[in-house]
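Naming follows writing order (A, B, C, D and E), and every chain is counted from residue 1.
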Amino acid sequence: MKRSITRLLMAPSVILLLAWMIIPLSMTIYFSTIEFSLYNPDQNGFVGWENFEFFITDPAFMPAVANTLILLLSVLFITVVFGVMLSALIDKPFYGQGIVRVLLISPFFIMPTVNALIWKNMMMNPVYGIFAWISTSFGLEPIDWLSNHPLMSIIMMVSWQWLPFAILVFVTALQSQDTEQKEAAQMDGATGLHIFRYLTIPHLARPIAVVVMIETIFLLAVFAEILVSTNGGPGYDSTNLTYLIYNQALLQFDVGTASAGGLLAVVLANIVAFFLIRAVGKNLTV
Amino acid sequence: MTLNQQRKFKTFLTGLFAWSVALVLFFPIFWMFITSFKTELQAISVPPALFFEPTLENYVEVQERSDYVKHALNSVITSFGSTILALIIAIPAAYSMAFFPGKRTKDILLWMLSTKMLPAVGVLMPIYLLSRDYGLLDTRAALVIIFTLMNLPIIVWMLFSYFKDLPKEILEAARMDGATPWDEIVKVVLPLSLGAISSTALLSIVLCWNEAFWSLNLTPSDAAPLTAMIASYSSPEGLFWAKLSAASTLACAPIVIFGWFCQKQLVQGLTFGAVK
Amino acid sequence: ETQITVATVNNGHMIEMQKLTPAFEKAHPDIKVKWVTLEENILRQNVTQDIANKSGLYDVMTIGMYEAPIWGDRGWLTPVDVSGSYDVDDILPSIRQGLSHEGTLYAAPFYGESSMVMYRKDLVKDAGMTVSDRDSWEHIRDVAAAVHNPDEGVYGICLRGKAGWGDNMALVTTIANSFGARWFDEDWKPQLESKEWKQAVNFYVDLVTKYGPPGSSSNSFNESLALFNEGRCGMWIDATIAASFVTDPAQSKVADQVGFAQSPISATEKGANWLWSWSLAIPAATKKAEAAQTFVRWATSKEYIELVGETNGWAAVPTGTRTSTYENAKFQKAAVFAEAELKAINSADPTDSTLKPSPYVGVQFAAIPEFQAIGTTAGQMISGALSGSMSVDQALKSANVSADRQMRRAKYY
Amino acid sequence: MSYLTITELQKHYDNYHALRGINLSITEGEFLVFVGPSGCGKSTLLRTIAGLESSTGGTIELDGRDITELASSKRDLAMVFQSYALYPHMTVADNLSFALRLAKVPDAEIKEKVRSVSASLQLDPLLDRKPKELSGGQRQRVAIGRAIVRQPKVFLFDEPLSNLDAALRVQMRLELARLHKKLGTTMIYVTHDQIEAMTLADRVVILNAGQIEQVGTPLELYRQPNSRFVAEFIGTPKMNLIPANKAALQDNNLAIDLLGNQIDFPANRLKESLSASTIVGIRPEHMTLVEQDGDIQGRIELVEHLGSEAYAHIQLGNDQTIIVKAPARSELKDGQDVSINIDVQEIILFNENDRVISVIPEEA
Amino acid sequence: MSYLTITELQKHYDNYHALRGINLSITEGEFLVFVGPSGCGKSTLLRTIAGLESSTGGTIELDGRDITELASSKRDLAMVFQSYALYPHMTVADNLSFALRLAKVPDAEIKEKVRSVSASLQLDPLLDRKPKELSGGQRQRVAIGRAIVRQPKVFLFDEPLSNLDAALRVQMRLELARLHKKLGTTMIYVTHDQIEAMTLADRVVILNAGQIEQVGTPLELYRQPNSRFVAEFIGTPKMNLIPANKAALQDNNLAIDLLGNQIDFPANRLKESLSASTIVGIRPEHMTLVEQDGDIQGRIELVEHLGSEAYAHIQLGNDQTIIVKAPARSELKDGQDVSINIDVQEIILFNENDRVISVIPEEA
């Protein structure tokens, strides 16, 4: 077919996304160079790099970057590892498989704010939460999740949300695994564990890449859970970059600094994406 | 134990384990559901009240306070509307990328995905100002546009991956039969990829349905979807867990049930080109 | 027919107001009211964006004592029409003062609150202690120690710990005030590293860690309320509005055992209890100012309070705004906490809340735009100190550095 | 002495009775081929022997040991799959050594075994490639290599050549035959290609609907089929089957009325008495086209020239089409009337139950 | 009169020159078959004719019109794909009528055409099924029906039978031949199965590495190959090629020294003079095994019994293995020494460039 037609077909998507990227981005770049606080909308002189400097020198900045990465990597790790194991498990036939699947994927459909509220108030509360109740029932000291392990608590909530997504993708992928290969391995003397290790995991390489890619996009943007449960605290222990920007933009109404932060986040996201695409990109488009 | 018995026992163990994990993971949702039938006092009682007289009081309260139907309708319209719009825009692009790849196709695809890296919080103000200037604040249109653009890259990508796995010969056969590109898309590609399209759509709908940031900032009132409704039940002064549970149950139920019904589709279509 | 959009916070009194809308619409058939009810944080974001960008989505917005003077100063708000039957003089003077800028009332108080001590009479008595009307913090600590019995699931004292300028910092500021501290000196230099702050925060952290429930660093009003109503707190120092919840048998297991007292003091009485009011304001950008005024006047009138009293019982009326409410015999009878609450509110003075002189208005906050950022960061640090992830000195130092950055950037000096 | 003995083997799927009592004994070193139409249970039988399916009745004994309940990984059998089922992410070398590594064989020994197998199958230049970089025939060889390297007691093959193109199939078939000769290991081979069955097998097992129809050497099956099913199944082009109207015994000969013409059949070859409706089976290569006065007449519908020979498709009086093998250069024209001579010695008769009622003597 | 004329057709892929100047003229109604080894460009040529690949040089003319640059949908050709490429979401009836509906043919006419095609291909009972509910052969028929219904100028087939099993392949091959006879439409057929090529084609085009090696009728190619490539490619089992040491002219005969034995070859059949290294090509069916005193000697390595005949794989003195066709019942044993007679009339000689240097006369 003619090149021109293929271009024409792609045009709407490309143009829209280009606009979606360029217009806000250029406005953001503009805002990041002026003094722009919602409380003083009339003062908007050019300030150069000041907003960036202010954002980077914020004592919360480095912890936020670190937390962003820890959150990202931990959730990726948890969802991929448990996702692979659970999907391998529910891929085999057993009684009530359909219902188990439905139950397993349900958390993915729950709104992030609701997720955080449920976990914070009903699960993790050290006095009247379910976890505390379980601990005390066993005679243990309840863990004060949000105070003592704030980032881990956030990681748990986010993982709970995204694990089902990983399971969904992996279950789909497992359906295409060649049964004859597994049988061949069986004849070769492989146990179930061997098959999982030597056949299933390599088979899942590409779906894992997909899950990592998509989750990364969303995990870099996590903030609702933080806002609802810990407000980024205690200290900066659960502040991530997105929450820090949120803090600037919507708690302090400092649009200039928030824009600068936003741009820095784009840079960070692209650095992550660069490594990610290097690592898994080959798998994505082949 | 005979071979058969061994296998049965293994199956039993698998089932047992899978069931336990599923129940544990589902528990928070179950608990939210249960809590929605408690009084506020029961909701915070220690140890947790397992046996209690269920009350519908919370649902009545939600019904009185919020126009659930309006919010639900907004959610449905914005998530379905933007998904349909995004599909309409994405399908031709994915088709052209999958069946007529050029040297740049891969780069374009990765670039598209990278537009998703823009943190929403960072560009809130530009979008807010644009919406204000074009009179889009508190309109469904604003959400539809934003959701569409937000999900477009993933939709293009998912469809692209799937289309690439379609047997090329079928399209060639259609071409030999005299089909134009339009015929090819509408009469061959679309019917063949219904599974993928519906799972893509489902994913997009779920993401839109649960999107809270833009809906809270741009459409808090008339066009407010269910996520905004939740915001009127979370953390007021006073006990709120039971009422919040009821509101959350109402807000999540449609999409969860929808997801359950489409689970098969979702599992079939989420291949991301992984099935060869 | 005019339709006005009212943005409000999702607290109980506002919900009540929403439910009573038909009464208003009946009295003013040409006005229709549309409600946007949001959680506090989200509401604040929303209305701030709306008003700062002049988007004009809302005709009436619910704002706090923090915003009213700042926004009034910016000219973003239309002054409240206090003419005629409105009886502006009935409004409690400290509240009125907090909502005014240069003598003009920019927001009509819907309900007001201060902080006070709520305690379990039974537990305190069993422990052989007493709580008097205005104790020192040291005494409160001793009572907490006496009542504290975690094995039985009872904790000595429940206090806010969740980071946020309106959350933990509201309480911590009042403690600091009573220890003689202030946010800024006369030159707007942040004073968080002062001796008084250190004393106060050390005391607070010590108290909560020793006698507070687990998880305090993520508790705010609601979490404490839940604990208290479950019978797990010997004492609770928080907003006066809590009084109506803890005495409500439908919500509280300990409704008949609650005693009230004024917030504790230490070096000074000044600023020992906070002052806050949720109020209705009319953005300057609205095109429906007239209808909005009508609504605001109705919702914050004596008649409205009466309406609630008659409809839902006098224990449920919005309090802390008008003298007349406290003079009402029916209210006095229904609300055991009436006296304590009025006393608390009246004793707070937003213009003079620190021992040493300070340049800002506000008891538990400073009514300047930068305070949100400063207070939020300080809140995070102090909750960090509370959870043990840093020392008090470190926390205050970080908070001070951060505040200094903000003030410098805003060119205060 | 039987090496692998299968007794009354049954396999029920949920709703399908796939194996209906299979009895078979296989001697050591034998090359046994299962053939039969699609769905007859060949794969099921093979997989049950392999332990990949559990049997629902009967026993399997290997080398004196009952392996019916043994896990497949412990049976010491190797299998080559139709799809080859190579491990796609491993190199050829890793594919070959996988089973040995699992069995924790010492590295040096693994290396040695892989080397020897790869040398004998000419895989040396491919050892570092991944399966997707191999051609069909090469994959096939790797799959076989993977089986050989373990030195199992029995090799099982499930249609190993069916994914290859014709030329390669011929070549691989020969290689398999050579391999069997060299290794001398027992092999069980499933196919539905009867050329493979005929050329490879020591004995062929013909399966039909979950039961054994006949077991025998290829030539036995070709020349002395038990039933019409076997007769039709074995031989390309297929055996022609012509219904005979009447048959009467005259002297020592049976006079069969074949479409109006009478042919004489030596009656001493009859196994049982004739019934009214007899079917005459005659293979294409046992008929010759003659100018005139042949046993039956017909008209040429189509001639297929294969170069070395030709197949004439001939329409008979009863509208039936039969195939006759003709020499390569015969000048046959479509539409031409022809006369056909039948080699009566090679005729096989079937009764109405499709069982054979005549026998071709061992050496004619 | 040429109906489809291909002139100097070139096709470059990014990094591969797939067609290197193809010249071909096809008359109306002809059945032309492209054969050649895998990767030689058969599919590319067919797809270029179809317009599915754009050519990078040369022209294609159909019925007097230059179609080189025309979109495939406008060329009025129909194609049957190896994978059938049926529309999986449509019923058989919809598959058949799809092209007609696209062309906005009136409903009544569509109905009529589909009815007639489905009747002639016996698809009537299947019309309401979806492709996945059909067997391989049925799918095949639907794919053909889909092509027929449009009454195109030329049918293109790309290995349409290669996904079928052997028995079905034979049957479908016959159906195709009948179809061609009935419709009389020009057909171009790609296969790598030479039996198909031989039996179906009016003319066969042998492709090799993007070029035409030889064009001719099946028997021409079989008997008078131009080159060793063609000779080896056509005929199963393959032609045996034995290097001849010396050759000397004696009287009218050429004395060829074949592994020490001398055979006499009629010199009048030589097209060109002999070079030092000559290769003698002889097909398996042109040799016979004799007790003794044959032209050459060897030892039987392996005998494949096909029932109707047998292939003897014989190892010669130079360690080369040749295949000799033997009668079905020959009592050949592996390892037995044999003597072989060669039908000298059928010998074909090749020079060191693998071109033919002798010719078999038209009628021997």
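Going forward, a contact is a pair of C-beta atoms (placed from the backbone, for glycine too) under 8 Å apart; a residue touches a chain by one contact, two chains touch by 3 or more.
Keep in mind it's a predicted model, so treat the numbers as computed, not measured.
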| request: Quick one: how many steps at least from chain A to chain E, stepping chain to touching chain? | output: 2
| field | Contact-graph distance - origin chain A, target chain C | value | 1
| request: If we define chain centres by averaging CA atoms, which chain lands farthest from chain D? Would you check? | output: C
| Label of the chain whose CA centroid is most distant from the centroid of chain E | C
| CA centre of chain B versus CA centre of chain D: separation in Å? | 55
| remark: Per the C-alpha means, the centres of chain B and chain C lie apart by a whole-Å value of 39
| note | Separation of the C-alpha centres, chain C versus chain D, in whole Å, is 91
| Hey, how far is the Cα centre of chain D from the one of chain E, in Å? | 26
| field | Per-residue multi-chain contacts in chain A, two or more chains | value | 127-128, 132, 250
| Junction residues of chain B - those touching two or more other chains | 44-46, 129, 231, 234, 241
| Counting only residues that touch at least 2 other chains, which ones in chain E make the list? | none
| request: Under the touch definition given earlier, write down the residues of chain C that touch chain A in their complex. | output: 41, 45, 48-49, 52-53, 70, 74, 153, 161-164, 167, 213-218, 223, 226-227, 230, 232, 369-370, 372-373, 376-377, 379-381, 383-390, 395, 398, 401-402, 405, 409
| query | Across the complex, what residues on chain E touch chain D? | reply | 38, 162, 165-166, 170, 174, 177-178, 181, 192-195, 198-199, 218-219, 222-223, 234-237, 283-285, 302, 304-309, 311, 313, 325, 328-329, 363-364
| message | Can you tell me which positions in chain B touch chain C when the two form their complex? | response | 39-41, 44-46, 64-66, 128-129, 132, 137-138, 216-217, 220-222, 224, 228, 231-241
| query | Of all residues in chain A, which touch chain D in the complex? | reply | 178, 180-181, 183-191, 194, 198-199, 202-203, 205
| message | Please output the residues of chain E touching chain B within their complex, sorted ascending. | response | 50, 52, 71-74, 77-79, 81-83, 85-90, 98-99, 102-103, 146, 150
